[in-house]
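You will see subunit A twice below: alongside subunit B first, and alongside subunit C after that.
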Partner chain A sequence: MGRGRFTSKRANFQTDLMSIGSFIVKNALRNKRRATLSILSVAVSLFLLVTLLVALRELTVPPEGEGAALRVVVRSRISIANALPARQRPIIERIPGVEAISPFTWFGGKFKSEEAMSFAQFAVDPVEFPRIFVESKVPVEQIKAFQADRQACIIGKITADKYKIKAGDRIMLSSTIYPTDLEFKVAGIYSGSIDDRNMFFHQKYLDESIGDPGEVGTWWIKVRSAEDMPRVVAAINRAFENTSAEVRAESERAFQLSFISMMGSIKLVVGLISTAVVFALMLVSASTMSMAIRERFRELAILKALGFRRRELFAFILAESFGLAMLGALAGVGGAYSLFTFGDIAKMTNGIFITFEVTHKIVGIGLLVAAGLGIIASIGPSISVARMSVVNGLKTLD
Partner chain B sequence: MPTNPFMFMVLLVKIAFGGLIGWLVYSAFTSPMPLPYYFKNIFVRWRATLATMLGVALVVAVYVMLQAMAAGLEKASANTGDPRNLMIVRKGSTAESSSQVTREQFRLIPYLPGIAHDVKGRPLVSADVVVLISLPRKDGSGEANVMLRGISPSGMELRPQVALVEGRWFTPGKREVVVSGRMAKRFANFEIGGKFKTGGKELTVVGVTDGGNSAFDSEIWMDGDESRALFDRENYSSVLLRMENAAAGRTITERVEADKRLPLRALPEMEYYSSQTMTAVPIRFLGNLLATAMSIGAVFAAMNTMYASVGARTREIGTLRALGYRRRSILAGFLLEGAFLSLAGGVLGCVISLILYAVFYHHPLGTMSFQTFSEIVFQFRITPQLALKGLGFSEVVGVVGSLFPAIRASRLPVIAALKSV
Partner chain C sequence: MTGANVVTIRDLSKIYRQGEINVTALNHISLEIGAGEFLALMGPSGSGKSTLLHIIAGIDRPTNGECRVQDVDVTRLNESELADWRNQNVGFVFQTFNLIPVLTAYENVELPLLLTRLNRKQRRHQVNTALELVGLADRAHHLPRQLSGGQEQRVAIARALVTSPRLVVADEPTGNLDSQSAHDVLGILQVLSKTAGKTVIMVTHDPKAAAFGSRTIHLEKGELSN
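Presenting the complex of A and B:
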C-alpha cells in the first residue's frame, strides 16, 4: 500500500511545502473510486441546488426588459380579468408625460388541434405598439406590413421557430375568452425582447369580429421619462376614481411582481426542497469523508507517533475534504452554469422558462455551500483523530 | 406495448430490475446465507449507515411531498361536482371565468325537457356569475385573484358539497358574501363581519362555508343578481342544472348542441371540474425530475458506503467463503443489506413527509390556477400508493447502489481475502 513512502519522505516533509501538498493529493486520490464517487455525489447535488435556485429566482424576480422602466400598466381595480372601457383612452392621452398608449387585450387563443394554449396573444394598437415596446426588433418593412393590414400579426421568434411559422403564413386561432375564431396573416417576426414568445395583432380586428363591445383588457403606456412615472401613475389612478371602471395603474415592474405574489405557496415549497437537497448533501459527504479517514486511522496514528501535531493532522484532513468538495462544486456548479448559459433553455423546458440565468450570486452560493460542506465534513473525523491515543490507533486493524 | 422508444427502455429497465429482485428473493430461500451476519453489520458501521439512510430518506421525502402536492392540486379540482348535475358554458371557453351565457340564451334553458324540480315545483337551475376579484392576502404578501361566484337561490341546493359552518347565508339583494373556511385563512378581512372593497363597493362577510375539499373551497359566494349589478355584468358566466336522470341528461346535451340559438355546450359538472387539473402538471414533472436527479446522487452515496463496507469486511468475506458459502450467497447477501438499508431510509422518508403533512394540515397552501387565473387552495395528499412508490424509489437506490460493491465482494479470491488485514 506504499505506507513506507511517507516515512521516507519525512526528512524534507516539514521544510518542503510542495511535498505536503502532494501528500494530501496522493491521500485524496489513493482510493480513486471513492474520490470519484464523492465528487460525483457532491456534483449532482450542487447541480440540483443551482437549478432550484435559478428556478426560484425566475419565479420570484421577473426578467426586466430595457423599456420596462418607462412603461406603465393600467388594469381594472377589480382584477386583471375585468375589462376596461375603450373610452378611457382619450382621457389618459391628455395626461402630461404620456407619450404613447396602446390597448393590450388577452385573446387566449389556441390552435384547433391543441388541447391548451401554448403562447400568449394580445390585441394592440399597431401604430403605437412599436413606440412602447422599443426592444422588440422587427425589420422596418415587416412593421409597415403589420400596420397596413388589419388581419396582420407579428409573432415572437421562439413561437415562430416552434411552429415553423414564417412571414407570409396564415394561422387560425380560436379564442377561449371571446366567442370568435380569427385568421391572421403573419406580417413579421420579432426578437430581442425579454419574452420572444408572444403574438400581437390589431385590436380593431378583434373588435370587428365580436361586434365592437368597446372594451379592452389593459392599457400599456410609455411615459416620457422615469421622473414622470410616479406623477403619471397617480394621475391615471385619480382620473378614474369613483367612476364605474376604477383602475390600478402601476409600473411594469410592480405589475409583474403582483403576478408573482399570485404564485403563492410554490415559493415556499421550492425553498423547502432546496433545503432538503443541501441537507442530504451535507450528510452524505460528511459520511464519506469520515469513512476515508477511519480507513487510515493507523496511518494517522503513525504520523502522530512521528511527532505531527493535532492541528497539522487537522490541516491534512481539512485540505483533503475541502479539495474534494470544491472539485465536486466545480463539476456541479460549472456544469449547471454552462448548460443553462450556453444551452437553449426555451427549447429544453418547452417554453416554460425563457431565461434561466445563473447569476454570479447563485454561483457564489453554490461554491459557498460546497466550501461549508468541505469544512463541516472534516470536523467529525478530525475530532476522533485528535482524541485517539497513538497506541489504540496503531492497534486498529481496519 | 409502449410505442415510444423511451417508454420501451423504461419498461426494459423495470423488467430487468424486477428479475433482479426476483432472483434475490429466490436465493434468499434456496441458498444458505448467514442472514443475521448481514443484518448485524448494518449496525456495526452505524455512522455511515445512518448518513446513507438519511440521504435516501430525504430523496423519498422530496418525491412524496411533490407528488402529494400535485395530487392535492388535482384533488382540489377533481373532487368537485354532483353526478346529477349538468353545466352549460359557452362553446370554446375552457374555464367558467371566460364563459358567457346571455340573458336571452338563459331564458330558454329552464324549458328544456328533463330538468329536475325542487319541492316547490321550481326547476333546479342556477345562473352563475363568476368574477375574479383581486384581494389582499392575510400575511401582507400582496394580492391574489379570488373567484367570486354569484348564484341563484337554487345554487346552494345544486351543490350539496358546500355546507355552512359558521354565521348565515347571504341575503338576496344585499352586498353580503359567504367565504370558504380555507380562503378565510389566506385572505385579509375574511372573518364574519369583515368588510372588503371591490368594484368601488363594500362587501360584508356573513358566513363561512366548508366545500368538503372541492374547488368550492377556493370560492366566495354571493347573490347572483346583486353581483351582476355590482360588477356591471349584463350576462351570466355559466348555468348549472339538475337532470331528472342520466337519459334526460343526454337529451339536454343533444338539445343544447342542436339548438342554433344557443352557442353553448352542456357537460357533466364533474367532467368540467376534472378537466381543470392542468396546474398540477408542472409540479408532477418537477417531482419526477428532482427525484430522479436526487436518487442518482443517492446511488453514488450508497455505492460509497457499500464499497467501504466490503473493503472493511474483506477478511470476513474470505472466512464466509472458506466456511463454504457460495459466491452468489455473498452477492445476494450484500444486495439484501443494501436493500434493507435503503428500505429503512424509505420508511423514514415517508415518516418525514407524514410529519410535514401534519404540519400543513391546518395551513392550506394556495397557488394560482393556470386555467382560471384565480387562487386555488389545496392540501398535500399522501395516498398509500404514493408512499409505496416512494419506497420503490428507495429500493432502486439501495439495490443499484449495492450491486457493484456486492459483485466485487462475491469475486474476492478466498486466500487473498483471508490474508488481508
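Presenting the complex of A and C:
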C-alpha cells in the first residue's frame, strides 16, 4: 500500500491577516497586567540604553565640523595642567601651514556667589580667535567691540541665557587658579559652536592682572588645509623637542579623545552597563514569553490538532513576542527621543550636557535591540511548542 | 446509512516507553469503520481507546501497523502533511471543550477555516451554518466564559464541522456535561452521522452515551474484546 493520495488544499497562511492579527493581539493582551509590565520593562530598559548611548556619544564623539578638522591643539607634553611658555608662539607661527594661533588659558573663575564654576572661561587672542573658531557666530560689531576693549569678553548663548547676561553688562569672576578677581565687560554673545557655554576674554588682560608670567595654558592653531595637518603637528612637536617645555601637538579630534580617556574608561563602563541592560532585558523578556506560552500549551496543542503547522505557531509566538518588544521600544526609545529632543537638557543635567542628541543611529540601535529581543525571546517557547506532541499538549492542565 | 470503509486499521500497535518499562497501549488491532457510522469506543481507563482515537485522528503515531483513513495511510504522512490532512479531514471534539478563551464562539469556529482558501464572506457563511446547526447562532459573539458547558461543547462541535470533514472524533464529549446537555450533544453527533453521512468515532465510558452510536466496540488492555 502506498502513502495515500492526500493532497493539501491549504491556503496561504496569510489569507486573512486581519483575523490572524486580531488573534495574535487578543492573545498578547489576554493578561493585561503581564503585557503592560512586559512592555514597561522593555521600555524602561531601552530608555536607559538610549540614554547611556547618547551620553557616551556626547562624551566621546569629537567635533566633526569643518573648523574642527583644521584645528590643532598644543599642550604640555607632561600634563595638560602644565603651562606653556608664551615665547613658543613666534616659533609656531613660523611653521608653514599655520594660519592662526591663539593662547587658550583656563581661568577657572566662579561667577557671583556660586560655589563651583558653572561655565568655562578661557583667555585667548581676540584677533586670532574668530579666525580659529569659525563656527562661532558673533555679530560683526560685537566682535569688533570684543577686540577693541581689553576688558571685553564674549559669552556663549546658553550661559548668557542662563544668567540673563546681555551685551553691555559687566560681570565679575573670581579665579580658582590665579590669585585674582577680574571684572569683564560683555561685548557679545556667540552661538553655533559645539559648546555655547564658554566665555572668552583677552589673554593680555589676564597677564596684566597676574604680573605677566609669560605663560599660557595651551595653544590652539588653525592650519591652512587638512593636508597640512600631519606635517604641522609633526613640525610643532619637533620644534620643542629637548626644550624645557616639550609639547604634544595633535588634532582637535585626537585631543578631545585623549581628554576623554583621562576621565577614565567611560566607554568601557558604559559599554558594560549597556550590555548588562540588554542581557537583563533579554532574560526578563524570555522568561515572560516562556510563561505566557507555557500557560497556553494546551491551546497551542488544539491549534496543532486543528491543522496549524509548527511554523505557523512559531509565527504566532514570534509576532506576539516581537509586538510586545516593539511596543516597549516605541515607549522607551520614543520617550527618550521626545524627552531629549524637546526637553531642556542643559537644565535637566544642570549644564553637564548641552546637547543630548538621540541620533537616528541610536534610535536604530534601540529598535534593533528590541527586535532582536522579540525574536530571541520567542525562540525558546517556539522550540518547546514544536517539540510538544498534540496528545501531550492536550494533557497539559489549564 | 453506512457505506464503504472510511477507516481501515491493520495490525496496529502502540507501545509507550515509560522509563525502563514498555507499556503496550494497543496490541495488533485491526478494525474497519464504515462511512456514516457512529462508532462508540468503550473500555476501562488505560484500555487504549483514546490512543486508538488519536492515531485515527492523526495526532499520535503507532509503533507498528497501518491506519488508512479515506485511503490515506496517515501513519506515513510527515508532520506538515498530517497537519494539513487533519485540517481538511478530521473534526475534533474534546471532553474539556478546548475552546480558545480569548476568542468568541464565532472566532473559535472560524479558526480551522483560516487555513483554507475561503474568503471572509465564504468563511462567514460556513461559520454561521455550523453555529446554526448546533443551535447557537444567537451566541456567536459570546466568549466561552459567557457560555454554559453544554453550549461550549456545541461550539466545539460547530468548530469540528466547519471544514466539512468526513470524520469527526470525539473524546468523551459528554464527560463534563450534565445529562440534558450530554443528551443534546449526543443527539447532534447522531444527526451528523445519520443525516449528514459523517463518520463519528466517540470514546466514552458511559453506556448511555454509547447507545447513541450505531456500533460499539470494547477495548481491554489494548485489544478488541468483541
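Simple rule for what comes next: the second predicted complex is superposed on the first by the 363 of 398 C-alpha atoms of A that agree within 3 Å, B and C clash if a C-alpha of one lies under 4 Å from a C-alpha of the other, contacts with A are read in each partner's own complex, and residues count from 1 in each chain.
Just so it is clear, a contact is a pair of C-beta atoms (placed from the backbone, for glycine too) under 8 Å apart; a residue touches a chain by one contact, two chains touch by 3 or more.
It should be emphasised that the depicted structure is a prediction, and the values quoted were computed from it without experimental measurement.
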Touched partner set for A:276, first subunit B, second subunit C, both or neither: first
First, second, both or neither for A:306, with subunit B first and subunit C second: second
When both partners are placed on the shared chain, which of subunit B and subunit C touches more of subunit A: B
Which of subunit B and subunit C A:27 touches, first, second, both or neither: second
First, second, both or neither for A:314, with subunit B first and subunit C second: neither
Which of subunit B and subunit C A:391 touches, first, second, both or neither: second
Touched partner set for A:337, first subunit B, second subunit C, both or neither: neither
Contacts of A:81 with subunit B and subunit C, given as first, second, both or neither: first
Touching partner for A:163 - first (subunit B), second (subunit C), both, neither: neither
Subunit C contact footprint on subunit A (complex, rising order): 1-6, 8-11, 13, 15-16, 19-20, 22-23, 26-27, 30, 298-299, 302-310, 312, 389-391, 394
Residue numbers on subunit C that touch subunit A, as the complex places them: 54, 57, 59-60, 66, 68, 71-74, 76-77, 79-81, 83-88, 92, 94, 98, 100-103, 107, 110-112, 114-120, 123, 159
Subunit A-touching residues of subunit B, taken from the complex the two chains share: 47-48, 50-52, 54-55, 58-59, 61-62, 65-66, 69, 90-95, 97-98, 100, 131-134, 137, 141-145, 198-200, 231-232, 263, 278, 282, 290, 293-294, 296-298, 300-301, 303-305, 307-308, 311-312, 365-368, 373, 375, 421
For the subunit A and subunit B complex, residues of the former touching the latter: 33-34, 37-38, 40-41, 44-45, 47-48, 52, 77-82, 108, 116, 174-177, 179, 181, 242, 244, 246, 257-258, 261-266, 268-269, 272-273, 276-277, 279-281, 283-284, 286-288, 290-291, 295, 352, 397-398
